[in-house]
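Dropping the structure in here first, questions after.
Note that the chains are named A, B and C in the order they appear, and that numbering of residues resets to 1 at the start of each chain.
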């Protein structure tokens, strides 16, 4: 177990108990047990085909679990009550809406009053560096900016949980660094609970406070690696960073 | 020093937009030259020009003293998108190049099987591309590129569409293949970690209009270690040198 | 690939749908009790009669079907022979299409039926049939072929280009295999449209034989049973032709589906 502050002084926002998911005879998720703490940045990593996407779908109740439970604030997860935001790998900005209209859509659906919408959208667009582009359409902006729109759209609704499934996978490295830094800034200000799923181990160590390493199917949590002792923004050449990265790489051991 | 394989000095515009400006460099025999630069800095245009399938606006690309010409010179290209021909089996796809170049079909078949083995896909010769994963498809493209024994092999972000772990595997693979059959390679990428891992020499390009900004000779021993302090130092240096865009 | 149990279920549900429609028809027929709404038994009787004894002129059902099929295939063949090469040429040399659009496009939008007066005046006999059918099939085939060329993946073209392949090689070995599936689809659609023109064509053709002609004969006599048999025959044959085409397409273009082993 690595050094790092334990999460004792934080309350558990989301509790996953004995979670299992079968597809017929195929066991994908197998008795997963863990907590997600309020306002933490958690990364989930694992080899290809370890059911990470299934895990996302089950935790957000897009698919019902075969066994076990997921609860938010000690209540079973409930779409009407709990606000779960999801950011996909593919750019998901609605092409017929401007950046501004895209970002406000969550608030629109929830019936937030206009003045409040204006305030919150302006704030989040400024934080993601999109304010100058608020009247642009998605086809006029780059892929990196489209993903920022998706992030802004998710953050503006102040969700109980923000789930991101490899959102930067299709961006090139330089854009990726920029957007990763923006995401960390946004998270530090808003203190949202984030679950970030990725294949990219360096990204996981760069972003998160805590990493959960999953096994191949049937998937359980192999190990928990603490990263919250590293200050932000992180330095990929820092010896401790390197050590943690090596540790996670060895744990995943996909080759 | 040996004669360069390729001498490049080019300007390229598409209409009013200047994409490449006074871009000058050489490609030396048997080197693994990596060209890095931000996205949409014209790297793919550069790749196409080097292969002779795109024209220059001004200047030249000379291979062994003459302007580069795919009908005369033996150049291979690995594209960023999956480029397997869907109606061909793997062996047909891989032997396409040698046959276009006039190789005897029996010899081409032999060479085809040789390169399929080289990239680690032995046993899959009769598979169609739809049956292969992303990583395997790119390996077929690499095999096809090797089959003609090219004087120059150009790769334009070949691992760009693969997920991070497959990408790492492919980087190791390409190194293994290159050690086994040494060719002159020009490798284009925006990923500096990848560049530092693979290259004997790195050229850094600016944003549009692109020109050569910096050059790095990498003489770290192989196989290289991504978390090695020397490696990280170099990588950080190059990253800082490279202009990033958003 | 659907598994066997899914296929069996599919067939059973299809049979069930047919039975439901049949029952609904029968109920309607019994309720209406009108000669214009024949029962299933009456339709069946008409079918048997037409097959064995023939129609009022003694021409059997199979003779009608055969005559129509020959006309269809003649017209369809003509439209393929003209449409595919022209479509390829226009796809490969876009100027050819762009500079003739003002002629082609308006003609494309004239429905085959509107050509009937002209066909009657200018053509006779077999020619009239073939002409109308050709009109139906030609444009879908032309347009699909043309568009298929624009959808050839440029990466595949570049693969050959880099190796120094000639333009002819690229057309023969890259463009043509790429466009064949789309052309096949265009042909299938064209055949369907052509078949649907058969009634219109046989309305104006001179001969007494043909499934369209059959319907018209009995329309004058207001014999609904025979009319329905004619309509059903047309529908069923069209359906069968389409299915056969699809099966052939799937076999020939086995390389098309996107199924990965990983």
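What we mean here is this: a contact is a pair of C-beta atoms (placed from the backbone, for glycine too) under 8 Å apart; a residue touches a chain by one contact, two chains touch by 3 or more.
Bear in mind the structure is a predicted one, so any value in this text is a computation, not a measurement.
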Graph separation of chain A and chain B (steps between touching chains): 1
Chain whose average C-alpha position is farthest from chain C's own: A
Rounded Å distance between chain A and chain B, as computed from the means of their C-alpha atoms: 34
Centroid distance [mean C-alpha coordinates] between chain C and chain A, Å: 52
Inter-centroid spacing, chain C versus chain B (mean Cα positions, whole Å): 49
Multi-partner residues of chain C (at least 2 other chains): none
Of chain C, residues touching chain B in the complex: 155-156, 158-165, 169, 174, 177, 254-262
Chain B partner contacts - residues on chain A that touch it in the complex: 47-48, 129, 142, 144-145, 166, 169, 172-175, 177-179, 198-203, 236-237, 239, 242, 245-246, 254-255
Residue ranges of chain B in contact with chain A within the complex: 38-39, 160, 163-166, 168-169, 172, 190-193, 227, 229, 232-233, 235-236, 242, 244-246
Of all residues in chain B, those that touch chain C in their complex: 48, 51-53, 69-73, 75-77, 79, 81-83, 85-87, 96-97, 100-101, 128-133, 136, 144, 148
